[in-house]
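Here come two complexes built around chain A, the first alongside chain B, the second alongside chain C.
And then the complex of A and B:
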């Protein structure tokens, strides 16, 4: 699931009224149950405000959950029906640009899908009732970082969530990132996925890599051809290029990355000034040598002619 | 006629200068490596560069503190203070020497003495470099070493970006200074005389200095 424009809409008031019937129960914060088979908690609660503000906020509940849910109590058979994002996101032409089929392929190749199989779905990370498109539209990289990292930390900073999913304890994030200089600064300015995914052509790579394949080579990001330009700054770079036609402005105004943050004009100016200084010294040294040699030969001549 | 030697540079000053020079070179080399970081084989490993840059930066800062303290304790700090009354004229005189007189083989316009080792241009340049530019590099360097202490936003610009930009520009100015410093050091009694003086402490003059005639140690 990635950000999307809502499907064809019913009028907002009609949506609110239709959803109100569902939210009479589902707005309760504690509504949910623990699945007897896998022990995972199934959260049935929807925050109405978050839902309305989300990218799906203008859809009626039954757009995704089928009209059979309009009866109460809901038929027990419905519980088995697993929703899939691509049911809508594959068919709608307006949503093609979000490349959902590509995202699905990436997800299937990700460590999550490979190791956890059916236990891990789009909804493990993306709550369709609060999801908001971020990386594509945000002008503030820091907010995108915060939003996206929160998705990972829902499980990766929650020991019981990890135990339920993988039956392995979560290693301390501090310890496994101890090698990373200024790790808090990295965490505040780059997303987990910027190092932990394989670069792909979709908007946001969903191919989460096993931890041993995560980026550890500093210059992958800290260089003029920074990996971040293909990931975190991908959309920023496009926007800024269109608006300013100047790549450096993006990087300079948004963040600071050693080795990648270079101001083009300062760079050129520094080469020119340095070159002129070296040239100035070379000319001065050359003149000193020339006149020195001339003086020496005149002295020699004078000595030969008997003058002191 | 002949080379005349006088003891100018005490051991502490030569040790400070040597250490400062070595750290300077290490910082410029690793600084360039970080600024123009790439995966190319010509570049030193990024993490090693950071480590060396940090260690050299901290060492240079401590060395700088020692320099300030010893300058105050020994009175050497006075060498850096130009004569304010005639500062502009003195600097022009020295600049004219570098631009014209040096080619004609004129004598240096300001005789070097143990009380006045630097010419007016040196005094002003060294004063600015040692008491404004180098402290600027140290302060911005500390900011980059411990980014948590930085102001986050300055007029809408990231404090980190601004600090780094200042640090980089200062580093560049200091590199230019080093170039000029090394070149002008060749303008002594012989091209290598000043380099030798900074190693041995003994300053050489092409002519017997008037102010010290008969008082050589």
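And then the complex of A and C:
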């Protein structure tokens, strides 16, 4: 075994070790309690695998929750303190590109913040223990759609969750979207926020609009200057540009008309037809040349032998 | 027309259709007419018209007298609640008497059938036909919100309470061949009907109804007949269980359906003293209460009804509050068994739910006459509604602890890995049987019969019950399947934890009991203890190797199914005679005992010989039975094929039959006798806690962590004190008196 390296192992980093103390309890999937005031379940569980894979997975728990939480039982005053994303995300230079202050402004202008006030925070949608940026890095649009829509549906497909925040019950998503042609196709291929936010400069618009102001005009997306190029396809277009170069990306991009009924078999068929046409021309030209040359040489012969 | 028909028949397809049609018609005619006599001839089971001496007509005057008696308490309670104001006792009594005897009080009672019978002029209860006069069909509400009307008699006849078997898929049981019972291939009938088991020592085919001559001390040598058999707890009132149902097209004869005991489940005044074995011209069968009084007390099944039978395997016959045991029979009183299968009574004294008035059917929500037993189970008992969940979470939610917030958060955290029962069942009844030796009976002078010897009864953790990982499934011989969520391979119960009894106190107790019962030498007792301490010691090295391979190939993947939690399991082993021609690495076919021979002579091998001679066991060792079900049955058992070598030689002696303990301890789910206060932290999280973390496959590091949790000290102050173990053992006399 001389010269053999030990098998590569996940290094037991200091972060993992430090977090292990917390996860000893908080990894329990059912850690939580029912709030005596409203009977609602308060979930205190953190899935260790999801946490490690999340964007925050390299941080120690106490980085956000402060070192005071290292004692057991945790101080009651601290337990009630509400953390905010901006506590960390405002100053850090590495995080500038995420434009958190802009996101905050958008959020404050959103229908959620305006209607629900303190009841609605960043964490209402984004669990910081499993949060992953998705639109920015995913190359598969369908996956981004699934991930982002799941965030909305946590509440919007859950009657009891809605009733916690609002006295108004959730109308059926099916009914209020009944007007939308090919509803299921839209839901699988576009995000809720693509129609329900105001386009902004941040990575993903956080300004959720009141329902009256949602996009209902088909042409806003189904056009060469599609709205989706600024939202859902924004990062894909950018990535492709970096990868393929501006020209190639522009020529090869999938989204010159988003939502066009492109069919794989039609694509193949058109290639086949094109290929056959080229082949036909080539054969025709080749045969012409071949017989043309033959005829010319026969003419030549005939001329030489003096036949009429 | 004939021309057309013959032309049609001449084509191949036409001929096939005609043949199939003829077969279908023939088959239908056979099932309807000839099946019963042919089945009786082949299997030796008997049927005949049934009469019951309790089915007696009453006069209208007697009817009213019974009605007053039945409703007396209820009317009195209601009247007393209505009499207000400070009054002297006598005035109060007079006013109560007046009020409770008014016409309106008498007509408005919980026993609605009094009025129905009065209006319909019914003065005699004649079994199911009386019920069916009104209840020919009934609405059934399904869990998914749909409902339908079903034929009531069919509904009952096809319920597990009547059939004791199921052919359809939906068992939480997996064979040692790795296959889920009846999930694929041709399904076979499985359930209590065709499975000898170590606790009753027999099964329904051979042990349905028996009369036993006992010579109790109290009778000074005179013979007292006693009743015994599975039929006491099953609702068929005829001469054998619903054996005919074992073939797909088979139905029980009309007389068997007329014997169904509706009232044992529905009558509040059912008299268990009418449950005893009677002999008539056809054979032995169980009597039942068909009195008008019982019929008039019909309601939906109450706890009392369920417990008429089920307390027998919960608290056991010797449990002091087992009401049925106090009514063993006017004639031929039933033999009451020492040693309880689970030792967890369901009643107000022992169970927090029973104390709160929770009814059995609140959790086991029926659909018609089909009653769910939950999706989990290790014991291969047929399940009417295998997909219907019966679980604590149905009521208690996933965050059940709501008292002290901080402790409750931590306790709720346990729910993902630890079953509710693990903390909330702290001990079982002392009479809980762990080791039952059928091979070496002991004479009970008080009862005047030979009985099995329970060499170990215990309700203590680690002795009577143990903790295992469990994912809701079990093996063909009742072993809980599951794995430590770290899937490290350290947890291998079928090679280790479920094959051993190491607890020193338990071993000492077995030694003591064996010495006292068998009067053996120390050497004999040492040999006797060997397979008890290590049940794998009964296997040859080759068998042991085969076992290891089969576990790796078939069982490990099953252990990893779903999410496992730590559950408490009653552990159990029995020494019985086995057919060694049908032996595999997990055991051999258990052979039943003939009850009269066993109880009267105490010669256990002879009792086996008599039982095996039963015509239906003879058939079991013949070709049609082999291919119809025994081969498949043995595949699940971990044996390649069913050997039809009949275990009785031509000279009438037993052939290739040996006494053995099972090759692993059975594990029975524990889920009643729930206590309000559970275990406290340190009961498990300490160096010698109740839970053996090593046995559960934890790593050294994790064991150290689990045994030294810093939080335990903090919570110690908040924990309830440990409750004491049963103060004193009940004297033998008090146990036997029942």
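Methods note: the second predicted complex is superposed on the first by the 224 of 308 C-alpha atoms of A that agree within 3 Å, B and C clash if a C-alpha of one lies under 4 Å from a C-alpha of the other, contacts with A are read in each partner's own complex, and residues count from 1 in each chain.
The rule is simple: contacts are C-beta pairs under 8 Å (C-beta built on N, C-alpha and C of every residue); 3 or more make two chains touch, one makes a residue touch a chain.
Everything numeric in this text was worked out from a predicted model, so none of it was measured.
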Practice task
Using the touch definition from the top, say if A:223 reaches chain B (first), chain C (second), both or neither.
Solution key: first
Exercise for the section: Name the contact category of A:291: first (chain B only), second (chain C only), both, or neither. Expected result: first
Practice task
Examine A:181 and indicate which partner it touches, taking first as chain B and second as chain C; both and neither are also allowed.
Solution key: first
Practice task
Quick one: classify A:73 as touching chain B (first), chain C (second), both or neither.
Solution key: second
Handout entry: Which superposed partner A:281 touches (first chain B, second chain C, both, neither)
Key = first
Exercise for the section: Pick one for A:24: touches chain B only (first), chain C only (second), both, or neither. Expected result: second
Handout entry: Interfacial residue positions of chain C with respect to chain A in the complex
Key = 397-399, 401-402, 405-406, 408-410, 412-417, 705, 710-711, 714
Practice task
Would you pull the chain A residues touching chain B in the complex into a rising list?
Solution key: 181-182, 185, 217-220, 222-225, 252-256, 258-263, 266, 270, 273-274, 277-278, 281, 284-285, 287-288, 291-292, 295
Handout entry: chain A residues within the chain C interface of the complex
Key = 24-25, 28-34, 36, 41, 44-45, 72-73
Exercise for the section: Spell out the part of chain B that touches chain A in their complex, as residue ranges. Expected result: 34-39, 43, 46-47, 50, 98, 102-105, 147, 157-158, 160-161, 164-165, 168-169, 172, 175-176, 179-180, 183, 186-187
